[in-house]
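Down below are the structures I want you to see.
Next come two complexes built around subunit A: one with subunit B, the other with subunit C.
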Partner chain A sequence: MALPKRIIKETERLVAEPVPGIQAIPHDDNLRYFDVSIHGPAQSPYEGGVFKLELFLPEDYPMTPPKIRFLTKIYHPNIDRLGRICLDVLKANWSPALQIRTILLSIQALLGAPNPDDPLANDVAQRWKEDEPGAIATAREWTQTHATP
Partner chain B sequence: MATYEDDHNLPASSTSLKPVPHRPRPDLSNFFSSLSITPSTPSTQSTDPTSSASSAFTSLARAWQQSIEGNDVLESLIEQLIEEAQGGTKVKGVDQQFLDGLERIPKKELVEADICPICNTSFLLDQYPLVVRLPCHKSHVFDLECISPWLKLHTTCPLDRIDLTKKKTPPPPPVDEEEEDWDDNYG
Partner chain C sequence: MRPLRLLAAEFPNLACEQLTATDKASSKPKKLHLKPSEGAADSHTEQPPLSPTSSQRLPTLPNNLTVAEERPAKRSHSSTSTHPHPTGDHETDEEVAFSPAYDALVENEPKGKMSEMSDDDFLSGGSDDDFMDESMDSDFEEEDGTQYLDDKDDKPQKKAYEVDFTVLTEGEIKKAQSDAIEESCAILALTPENAAVLLRHFKWNKDRMIEQYMDGSQKLLEEAGVDLTGSNKPELKTVPGFMCDICCEDEDGLQTFSLRCNHRYCADCYRHYLSQKIKEEGEAIRIQCPSDGCKVLVDPKSITMLAGVGVLSRYYELLNRTYVEDRENLRWCPAPNCEFVVDCPVSQKQLHEIVPTVFCTCGHHFCFGCGSNDHQPCPCGLVKKWLKKCEDDSETANWISANTKECPKCQSTIEKNGGCNHMTCRKCKHEFCWVCMGPWNEHGTSWYNCNRYEEKSGIDARDTQAKSRASLERYLHYYNRYANHEQSGKLDKDLYIKTEKKMTMLQSASGMSWIEVQYLDAASKVLQQCRQTLKWTYAFAFYLQRNHLTTIFEDNQKDLEMAVEALSELFEKPTDQLANIKVEMMDKTAYVSNRRVILLDTTAKGLQDGTWEFTVEF
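Right after this comes the complex of A and B.
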């Protein structure tokens, strides 16, 4: 099936005017599959890290959200050990007016503002609530170990 | 560690799946014994081989049946899945009448810079644009072709998530006469 015009336009814009700290490059052989990297936001435990993600646009995109997963290990209450992300706009709150770039910005914002009250990684969230400094220290260590190029 | 249930946002009740120490399994020994006995019986030649095989499978089925009976966990899981499957069909968008009743924007009111938020393309790139306005806000304007598949599955505006079915009903569908006028302009 031909690639919808919207995907072509989104891709062109992602390449021509990239979002600062975010890179999304489509595969040559599958233009619905993107290699994504997100820089950890400043002032967050992920600062200095570069996190790799994979992004796939399903057949019925933009009626359904893109499928996104962290490939780089990350210590975050809303990201589980398989890299799956707990983010409302990726599920129930998806809207076809959202785009790859807005979703990636939301994920970058999630790194800057972890939300342990809506956890996906339960153990991490619990630690975040009980011992926030310790959890942040672990997140920083993991960033050093796994996300530093 | 996050459990499977946590990851999948399942209710805690299904956690009881794991602690069950001895889950009854079908006893395969009956099945295999009935298979191995068959060839050695003196009446082998006279017996229809398919009947012995089928009886072996019947005993296997019976064993499965026994293992399922009394297994509340499995039963409740099945019930839960059925419930979810049925619940899924309740998710519905608006009907065709709603789509037909949406306010249409005439081409002369559109400018080059107006783009559809779904396809991100200027309405005017289409020689005969079919553009509709949602009742939630004056500026929430879409290609009918883009908004229809969304509204058939959801009742919310893509831009502000307002439930369109809860607001006051959209303007009534245009009367036939108007519809024909409209067709003259754009058809």
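Right after this comes the complex of A and C.
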């Protein structure tokens, strides 16, 4: 099936005007599948890390949101062990007017501002609430161990 | 209040009747899942093991019963429903109504709309009768025993356990909505579309809506999606140089659409979007503009214009659903594929004082309060607690912790079932002290009496154990009877079919007509109903404080249970005997049915008056 115009345009723009700190490259054999990497935001425990994600545009995209998952291990209250992300725009608040670009920016922002009150990884969120400095230290450690090239 | 043994005189043989188990091997009472004596214990004094299923007090537990599923195995809209109809269409009235007992039975069926009995009906009797009535009173009020037979002459009166309700069709639901819309249009001078939007926003609470509308909060109206400018004529437009942000199409002549927020997308994307929201996400009244973060709602007019036939029909369906779900007085019949809605004025707040069982036209009867199968006389709150309790194994766990320990040597589970503390493990023959778990030989000469046993800690431990055991035994007493009636019901799902077969067999055997064998059907219906009721009386009784009223309740319960066993036994008789016991069976059917009415009625009155004392809050 031919790739919808929307996906072609988005891809072209992602390549032509990349977002700083974010890279998204489609697979040659499947243009709906992207290798993504996001740089940890400055002043966050993820600073200095490069996080790999996979992104897939489902058949009914953009009526339904893209499917995204972290491949790099990350210690974050809104990201679970399997790399799934708890982010409203990826679920109920998805709008077909949103784009890959905007979603990736939201994820980057989530790294800069974890929200332990809306958690996916329960134990991490718990720790984040009870012992924030400790949790941040762990997040930093994990970034060192798993996300440093 | 009615005397308890209302009809005892009429059925002198009932009480002493020996209830025998029949050959119905399939209906074994449910065995309790708890097996207390897994590891088996040896203590010197043998005591009968805790056996919750045995009860000396209960007359033969229903080995032989064939009755009581909550609803027909196959639900259908056909007339073969095994259930009393709210409207009371007793097909066979003329033919069968020759027995007063049968009349009484028929009358005990729930009435859907009792409220039609107005005061006028009583007054219109005229004053002529008054004199006669008075003079006859003394003649007729001889003894309670005949009272229920007289009841049939009275106007149907709503029993304390009955509630008013009506069954509505989907058409009537739609009409109710359009009526409300029309009315609001007239009051508020709104277009029907806006009135509908506003009503839905206020969950059809007209008064609140009118109040807020009068306050004139523009923001609120906007939030609700009301377009007061009246300029909302949804239309498709072509815009030169337009590119759709969703699909990125930009060809000339592209049809586009936007709401008043002017977030414009191509018509195809809009349709796609609506289909996604309505068909996939089941959304109807809160569909927002596709633009990220825009809160403007897609109004019904726009949806009607844009969406295809399939999406639209789903949309209307969802609107209907929401209407019913938003109204406290409405509930969908929970039977699968049933599309009727029951309208009942009982509110959630009243559920501690009434159990609103309603009867759908499809034959299903259910609790309007919680939607589960009929659970009279037990209030919703207690039903919930009871089911939770049965689900929890906490009771069992309590029992196990109080009554079993592991052998200190081989770790197999040992049950203490006697008073003696000198335990011998059956498996490894290790002898030890139950109290201190130490080896028995170290206890020296203090036979059967561990030193520590007399200490406070020992006594406390013994107390807890005893209490826990007593509480478990109490629970099991009720649980077993509850489970038993439930199980009998489950095993007899095919009861109706069996009844039909019996009726056919009886016809050919006795030469009776189809109409003449209807008493079997009546008996089977009553049995089913009573099983259902009995089941829940045990959950109810479990939560009752021990007092005088509880004793009366349990007497009533016992009467009903015995009557049910007796009728059920008749019902199971071989076909060649059935014809001969027709009158007996009809009388018993009427009697059983009446016992049930009495039990439900007194229980419901107590709930209404708040006279029951419960061991829990609900």
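Definition applied: the second predicted complex is superposed on the first by the 149 of 149 C-alpha atoms of A that agree within 3 Å, B and C clash if a C-alpha of one lies under 4 Å from a C-alpha of the other, contacts with A are read in each partner's own complex, and residues count from 1 in each chain.
Note that in this section a residue touches a chain if its C-beta (ideal position, glycine included) is under 8 Å from a C-beta of that chain, and two chains touch if they have at least 3 such contacts.
Since the model is a prediction, treat every value here as computed from it, not as a measurement.
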{"item": "Overlay on subunit A: subunit C relative to subunit B, clash or fit", "value": "clash"}
{"item": "Touched partner set for A:A97, first subunit B, second subunit C, both or neither", "value": "both"}
{"item": "First (subunit B), second (subunit C), both or neither touched by A:P114", "value": "neither"}
{"item": "Partner chain in contact with A:K5 - subunit B first, subunit C second, else both or neither", "value": "both"}
{"item": "More subunit A residues in contact - subunit B or subunit C", "value": "B"}
{"item": "Which superposed partner A:N122 touches (first subunit B, second subunit C, both, neither)", "value": "first"}
{"item": "Touched partner set for A:P66, first subunit B, second subunit C, both or neither", "value": "neither"}
{"item": "First, second, both or neither for A:L82, with subunit B first and subunit C second", "value": "first"}
{"item": "Selected from 45-53, 297-305, 477-485 or 495-503: the stretch of subunit C that, after superposition, runs into subunit B", "value": "297-305"}
{"item": "Footprint overlap on subunit A, where subunit B in one structure and subunit C in the other make contact", "value": "4-6, 9-10, 62-63, 95-97"}
{"item": "Subunit A contact footprint on subunit B (complex, rising order)", "value": "1-3, 6-7, 117-121, 146, 149-150, 153, 156, 158-159, 161"}
{"item": "Residues of subunit A that touch subunit C when the two form their complex", "value": "4-6, 8-10, 60, 62-64, 89, 95-98, 102"}
{"item": "Subunit C residues touching subunit A - in the complex, by the definition given at the top", "value": "245-249, 263, 265, 269, 272-273, 276, 290-293"}
{"item": "Of all residues in subunit A, those that touch subunit B in their complex", "value": "4-6, 9-10, 62-63, 80-82, 84, 93, 95-97, 99, 119-124"}
